[in-house]
Amino acid sequence: MRTPETPAPSELAQSAAALLERVRERAPRVHCLTNAVAQNFTANVLLAAGCLPSMTVSPEEIAAFVARADALLVNLGTFDRDRREATEIAVETALQDDVPWVLDPVFVDRAPPRAAFALSLVASGPKAVRLNAAEFAALSGRDGDRAALAAYAAAHKTVVGLSGATDLIADATRFAAVGNGHPLMANVTAMGCAGSALIAACLAVEDDPWRATVGGLTLIGIAGELAAQGAKGPGSFAVAILDVLNALDGATVVKNARVN
Amino acid sequence: MRTPETPAPSELAQSAAALLERVRERAPRVHCLTNAVAQNFTANVLLAAGCLPSMTVSPEEIAAFVARADALLVNLGTFDRDRREATEIAVETALQDDVPWVLDPVFVDRAPPRAAFALSLVASGPKAVRLNAAEFAALSGRDGDRAALAAYAAAHKTVVGLSGATDLIADATRFAAVGNGHPLMANVTAMGCAGSALIAACLAVEDDPWRATVGGLTLIGIAGELAAQGAKGPGSFAVAILDVLNALDGATVVKNARVN
Amino acid sequence: MRTPETPAPSELAQSAAALLERVRERAPRVHCLTNAVAQNFTANVLLAAGCLPSMTVSPEEIAAFVARADALLVNLGTFDRDRREATEIAVETALQDDVPWVLDPVFVDRAPPRAAFALSLVASGPKAVRLNAAEFAALSGRDGDRAALAAYAAAHKTVVGLSGATDLIADATRFAAVGNGHPLMANVTAMGCAGSALIAACLAVEDDPWRATVGGLTLIGIAGELAAQGAKGPGSFAVAILDVLNALDGATVVKNARVN
């Protein structure tokens, strides 16, 4: 049931479309601290959406890149010393310079040091946290139902975007479910990270982080759905999602969005 | 000439098919310590085969990932300090926790420190070593003929999988030759590493490392052959091999295997 | 207006074609110190052109790889400690062993430490520097017009290859403009790095670095143009450029080159 604060479905679809158009118009700089597995695909997803991605993980220069960026993605996918040090500098810079950032706590369910680091990052003020059910359970100790997401978002003053067959997006008072997407998305590495990158792109052009998170997940879900139509498997699907995203326009978003 | 211990060709084809089906059924966790060049493609190959890949190279958390994995791939492709330290921890963990692992000693013919490290790894008990002729010569000081492979396998209590136009797989008493494959495979970076990753996937579901190695190389060879049919070059070939592998089933493996 | 030293357009087209054929014939080893974003695509571009790429960034073994290489690419794309140390060793080795090298000073306009490091590298004798207009401005303090490029090339005894809608290539006395290329090239990450890698490939088989730079940028431009013909967007374009490059021959280069 929609809370009074939650916009109507048609407004959410329009909002996602408007975010895409704003991204294309402004070509925001999005800096990504992400793992080597995901870097190439994430950069190409951001380019296809109209952003200017940068990807350095060097502690010496990360502050210069983040300070000049319009949004930041922090993904814990491969978590080495340089990346951890760079992450701390990046987050500090983002807070100082008001650069919105999204946290993608990949695989925090697999290694205690990663989970501990993720908890400290959640306390550093990400505008949004995008993760899957196992990662949410590792961070919060709870199943990812609607009440748990809202409680977590409220406690940490952030937005939670939980990816799954249906994506769930909660802040303290609002809740949305994005039905777009395709099973092939789970068969391509870095697809979750690509969704987080699109949330960062939307944060660059939208002050309301809940809308930005709903928008980013709607866009990647629609792109996945359309890309799957002609795909023969995960290889051609990963190629097609870049083509589709590059060609995506607001009208197609409004027509295809299944968000409520 | 087949040794008495070597199964009949039809049994080897059936065995490869059964391994693929077991992988799809069990979805083993395969951890890959591999180079940044290969990480994305390797992860996508493992996903297409039905595995759950993880790829961290961080010394702080590698033990946690390996201990929870069903098999481990150690590839020396880019060989920096973190990876070397992580590799030592990973191998130690694998031995302690009985996680089978495969060694891919990429480019040991190019740099003495890499060769020295590879030799120490061979002594640490990999279930299989997959390499090409130049790499085998650098490790063993011999040409990769059948007798040399068997001698090396016996001396080091491992399986040797030598990639080439025909792949040769030897342990102390058994020998197989896999005729599947396509020349385009040599034109795509990380294709050898992908083969090693499929050996790791098979090791996760098969206690006999010789059968696992024969199986992994048969599967990648068949996937390469089928992918080449519609490919226009190495770009579309690399895409198609993921599509083909994702759709591959046991019956197609039995029909296409050229192993004896 | 062509300087007296500059070859005629038809000769430049023939020269690019001859370079491609020489690369295919000799299969030079090209070592790439490049960022993790670009490593996979760069390796595949070099394989498609007929080279043997290697990509290690480890300070311990970089000297062994560079000493055995026929050309070296130094790309600053992600600039961490290991890569900086490895770069210094690589450049020193290249100078000692007469291995020609090309510098790609990615994003020097974004971070002062990177710019400072690039300046010291330019002083270490690259045969060519390939960059875009913002990067040239950051390095030289000037706009990238013909006079500025020639002055920079003369002052630093190198060749400047400036990528853009038209690529401009200058040494102290010669100037060429390459009109080949396609807007989709700007929508794929690492495409610039791929151009630099092809310059390195040409340097491996051509003593005149100006001709090698013109050749490398002509080849990637033609490949991009032909690949765009059937592409639906940046995803299929990046796949097609590998297919096209793999099939490219001298006659097609001569027919399609727009260089003068």
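For clarity, chains are labelled A, B and C in written order, and residue numbers in each chain start from 1.
Here, contacts are C-beta pairs under 8 Å (C-beta built on N, C-alpha and C of every residue); 3 or more make two chains touch, one makes a residue touch a chain.
Everything numeric here is computed off the predicted structure, so don't read it as measured data.
Under the stated contact rule, the graph of chain-to-chain touches is complete, every pair of chains being in contact.
The rotation relating subunit B to subunit C, fitted on Cα atoms, comes to 120°, given as a multiple of 5.
The distance from the centre of subunit A to the centre of subunit B, with each centre set as the mean of the Cα atoms, comes to 34 Å.
Multi-chain contact residues of subunit A (touching two or more other chains) are listed as 36, 40, 238-239.
By the touch rule above, subunit C contacts subunit B in their complex via residues 36, 39-40, 43-44, 47-48, 53-61, 64-65, 68, 82, 238-247.
Across the complex, subunit A meets subunit B through its residues 35-38, 40-41, 77-81, 107, 110-114, 187-190, 231-236, 238-239.
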